[in-house]
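A, B, C and D label the chains in the order they appear, each numbered from 1.
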Amino acid sequence: MKRIAVITSGGDAPGMNACIRAIVLTASQHDIEVIGFRHGFRGIVEDLNQPLHPNDMRLVSQRGGTILLSSRYPQFKEVDAARQAAAVLDQHDISALVVIGGDGSFRGAHHLDQYWDGQVLGLPGTIDNDLAGTDTTIGFTTAVDTAMEAIDRIRETAEAMARVFLIEVMGRHAGFIGLHSAIAGSAEAMLVPELEPQPKLADLADSIRRARQAFPDSSYLIVVSENLWPGGVEELARQLTQATGTTCHSAPLGHIQRGGRPNAADRILSMQLGQAAVHAVLDGISGHMIGVEQGHVVRVPLHLTFERDKQLDSRLVDLQLGLQQLNFASNVVKESA
Amino acid sequence: MKRIAVITSGGDAPGMNACIRAIVLTASQHDIEVIGFRHGFRGIVEDLNQPLHPNDMRLVSQRGGTILLSSRYPQFKEVDAARQAAAVLDQHDISALVVIGGDGSFRGAHHLDQYWDGQVLGLPGTIDNDLAGTDTTIGFTTAVDTAMEAIDRIRETAEAMARVFLIEVMGRHAGFIGLHSAIAGSAEAMLVPELEPQPKLADLADSIRRARQAFPDSSYLIVVSENLWPGGVEELARQLTQATGTTCHSAPLGHIQRGGRPNAADRILSMQLGQAAVHAVLDGISGHMIGVEQGHVVRVPLHLTFERDKQLDSRLVDLQLGLQQLNFASNVVKESA
Amino acid sequence: MKRIAVITSGGDAPGMNACIRAIVLTASQHDIEVIGFRHGFRGIVEDLNQPLHPNDMRLVSQRGGTILLSSRYPQFKEVDAARQAAAVLDQHDISALVVIGGDGSFRGAHHLDQYWDGQVLGLPGTIDNDLAGTDTTIGFTTAVDTAMEAIDRIRETAEAMARVFLIEVMGRHAGFIGLHSAIAGSAEAMLVPELEPQPKLADLADSIRRARQAFPDSSYLIVVSENLWPGGVEELARQLTQATGTTCHSAPLGHIQRGGRPNAADRILSMQLGQAAVHAVLDGISGHMIGVEQGHVVRVPLHLTFERDKQLDSRLVDLQLGLQQLNFASNVVKESA
Amino acid sequence: MKRIAVITSGGDAPGMNACIRAIVLTASQHDIEVIGFRHGFRGIVEDLNQPLHPNDMRLVSQRGGTILLSSRYPQFKEVDAARQAAAVLDQHDISALVVIGGDGSFRGAHHLDQYWDGQVLGLPGTIDNDLAGTDTTIGFTTAVDTAMEAIDRIRETAEAMARVFLIEVMGRHAGFIGLHSAIAGSAEAMLVPELEPQPKLADLADSIRRARQAFPDSSYLIVVSENLWPGGVEELARQLTQATGTTCHSAPLGHIQRGGRPNAADRILSMQLGQAAVHAVLDGISGHMIGVEQGHVVRVPLHLTFERDKQLDSRLVDLQLGLQQLNFASNVVKESA
């Protein structure tokens, strides 16, 4: 065994630093050096290397973001980029690369695997939780906590003023943050991409009108996934205001959902995955993601993490639809989830 | 002395509940009953009264929003509305009304004062801090803390991805939240309405370009007051992205700034003002706001709170301009503040 | 089906209110009334009943503590108390009782089951997570987050002053909070009851001495479960100070671990269990706890929840021992866990 | 002008890092280099120097603790130590030293001033707020927020279980944190050193007994300053439990009060003071503390900061005594404050 390299790639997620710490400390236990490259795949190609010593890891787990910095780097799809990365890794005597990132990063890792002899491993790091093969991803539960705290704040002012709010949460094309934060925030309704058919504007307007009649002094919060409604919640709020005659406010939560100290669950998950990644390296594994399913660490071929869609937990969908129906009639119908 | 009535009016602000508690407990100490009207001035006109007993006050100080609910009620400008309110107050044997709210609410209080015999007092309750005659207002420092925490979160992801963010904070037409959160968040630049002349797009684009050249791996955060740039930070981000060739992200913080538990400073201020309001009632004062200047409780004629503009603290403006110039050259020029 | 009664019993836990909400809303969906009794079993015996309507549930999920209040009530072991409770429940036409609580409460529920015809169900509500038959309990992950945040704060001052701290966390006689918060807080060492043999004072002193030599400018945090060291962390700190010549500070976290808003995971779990409890009532189940294992709702005979010991997750024990060994040699040897 | 040196000394306080940042950035604006010494005065004596560049300051304001580390160093009272420090400072071409710390640190600064030619300035950095000549100190309001949040958490569990708690807060020999957190936490009673005569055990027991009779289902929280009751709140709780027959719980908050991210007020104060310190250096000032009184930056001879006692704000004392009397009769009598 020579050395392990680590990168964080794509959107940063709270817990990435705790994961790096676990990799460095576990490797050190086996007398393996760890080297980081800054800014993800771009950092390998441009050789932005940075040694990672156990002593540097003392105070990083608590911090959001990533000490290795990250970037999106679509150029890595090119064969030349992969070959250049392979050359840099070889030059540094690297025998295994651990990529902490989401689905785009795993495509990159899979791509590199074809042009480099070393072992390539992926660790699921994305707040969106949209990777198949693992129950959860680094940063997801912290993002849900952050979204929930924002919803709690909006609830207070919405309740004081008896207002309707459309709260947009992240998730790219998946409804995990939407579903979990809607339950946790006791949202009166939710719009997530997995529910089919999506409710029509008239249905939403109708449910708001009925709620206002039944509870004129109460707040009404709808959690909406990003990329779902053309024009986002601002446009949806405009249309609903017109349709209902009630001012509907928009609240896109945006990038605050990426930042912040990781919660305990994300720190524990991150360290567990980091330790397991080093064990996988020692076991000679390559081309796999290390994930967690039902409490157990699992190893999943990289391509299976991004070629399949990950389903929402239908029991949690039922939970939210059940609870929100109790508040206000809803036309939302669940089909495929 | 008969009874005191209380309303919260206009936008809610963290600390209003602690203020209500102090009024109720202090009045009770002087054997005066307190009655609330829900939803502000509308609640008086529609007689939405609610008795307030000391025992109900046990657990309210900790909560954001307002247990009395609030509303905007432009109809109160009419003479008939004021007369109707006066009649309802008389009917309940009220001898003094305490209005917790912002400048619109104080205009309402001033208006009522002309059609009602009882004492009318205002307590400054608005996150915007845009009331002359008081150094600070209930909810302001909590809103600044909330904005700062959001900026801290954005800082982490912005730093990880070396991104430019335009962060929009509240303040209606005043830059208090903008200035204070820019300092607290170590923002690289700020745009607040009080600074004249406002920087042009070309200047902003230029400062971003120079910063990217000098520090290509760093974040660059600009705090922008709402209602300042036509189209908001989304439009400004679009224009700056085009002008600089660097993606500029927008992050409107929105209504999360209204909610949340009040911080200690706002609870203490709120209770101090609530207690002082009862003392002012006992002193026979009417038509005044109770505020705080340099640590002392002051009584200011209501009309002086909304007829004058409140200035930003020029020392804090200098502080931020000083510190941000040190990071990156800025074309922002301060004039009148 | 007549009516469902609910109590919260024993130590309160964040999430209990979200659980009550889910029970009330789900029951309402099936046209079943819910009635609460305040202060746990004592409240049944003394008939401290309180109707629970769906509309009262609007704003409770966000709050820590329990709106139904709780108490410890050892007298409920008596046959007379159980018979009196049965009589009160019958008098109110209750056909099922849901007890949200920990192991003592489940003993009470089991006891009542023998003297009452109705269905008795338990929901695991305790921050200690010491109930067999469920992977986690209502309040546990929030308590871990709270302990972790406290450890983070202590880390900052400990690092600034290069200090040794012994941080005592809750858990009664189980090490769940200790283990999880030690990992999440990157603790240099942990003392939890499940690790055998417990390290001796000399071993602890030795590890501190060696750490101080290797890293004289660094903090050293040991997480210690309550009820483990005679005299608590204050006494342990005294002994270690004497043995090492280095001042060892004690920091018993205490009851702050019980309070606070539930995190998203606890709210979701609580609502899931609350909904499942109503379903179990409809299915005619009695004498069972509703828990969660590997993501699935399970029904476990009540006596099996308190007659068996629940084991720590040995993979997490290995994780912490692995990571802490990397920092500083440890004599802690795991045996049975 | 040659160079400015900075140390943080004594107990760390949230905001010290923001202060260091402001010093470094402001000095840089005037082309002055800044050098830090780690671990306070000890670091000067042992020449543990560390250059401080503006670029290193990008992400420090948000963090608690102190990046320069701190220590208590009683040896600095010796003449030899001061002479050695003077020699080290001269060796590094330092013309001014800024000491961020509390009263012990200012005694050290005053001592050094007698043996060194350079300028010596103090900035008030202590959570205890026990320095005369400044209205507030770096870290104080953050510590109050932290104590208040802990009290809020304890309130929730205390209310759920109808319990009595004695909550010990920091403050060394001053009641600032006690007074402010008691108000903010709506404490039913407070014990702070400035109130004379201190209530006797019998009085406290009596007030608890009466409160339990009047409100048997409610919590009762007493905020107690450290170093006030022999044996601390644990002993007081033991005695009160015996005297009242009601279990009184103790909750010493301890060192969590030192850590945590500084709130906005502390960051703004810290930067204001840091900037003012550099201006004072440029003005040739020595032997002074830079503080803030009624919003204005002031310069106070160092010895006047520790030779005089700082009084509690009597209006806030009246506020708390007023509000707590309303809840429960109190025998606390204020005299000198």
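Structure notes:
As a convention for this text, contacts are C-beta pairs under 8 Å (C-beta built on N, C-alpha and C of every residue); 3 or more make two chains touch, one makes a residue touch a chain.
Listed by chain with UniProt protein names: A, B, C, D = 6-phosphofructokinase.
Note that this is a predicted model, so its numbers are computed, not measured.
Both chain C (6-phosphofructokinase) and chain D (6-phosphofructokinase) derive from one sequence, and where they touch, over half of the residue numbers involved are common to the two copies.
At the far end from chain D (6-phosphofructokinase), in terms of centres built from Cα atoms, lies A. Averaged C-alpha coordinates put the centre of chain C (6-phosphofructokinase) at 34 Å from the centre of chain D (6-phosphofructokinase). Each chain gets a centre from the mean of its Cα atoms; for chain B (6-phosphofructokinase) and chain C (6-phosphofructokinase), those two points are 40 Å apart. Between the CA-based centres of chain B (6-phosphofructokinase) and chain D (6-phosphofructokinase) the separation comes to 28 Å, rounded to the whole angstrom. Touching of two or more other chains is recorded for residues 152, 155, 159 of chain A (6-phosphofructokinase). Working note: touching chain pairs come out as A-B, A-C, B-D, C-D. Of all residues in chain A (6-phosphofructokinase), those touching chain C (6-phosphofructokinase) in their complex are 18, 21-22, 25-26, 28-29, 54-55, 58-59, 61-62, 135, 141, 144-145, 148, 152, 155, 159, 180-181, 183-184, 186, 215, 218, 261, 263-265, 267-268, 271-272, 275, 294-295, 297, 313, 315-316, 319, 322-323, 325-327.
Within the complex, the chain A (6-phosphofructokinase) residues that touch chain B (6-phosphofructokinase) are 8, 11-12, 38-39, 63-66, 69-72, 146, 150, 152-162, 165, 217, 249-256, 258-260.
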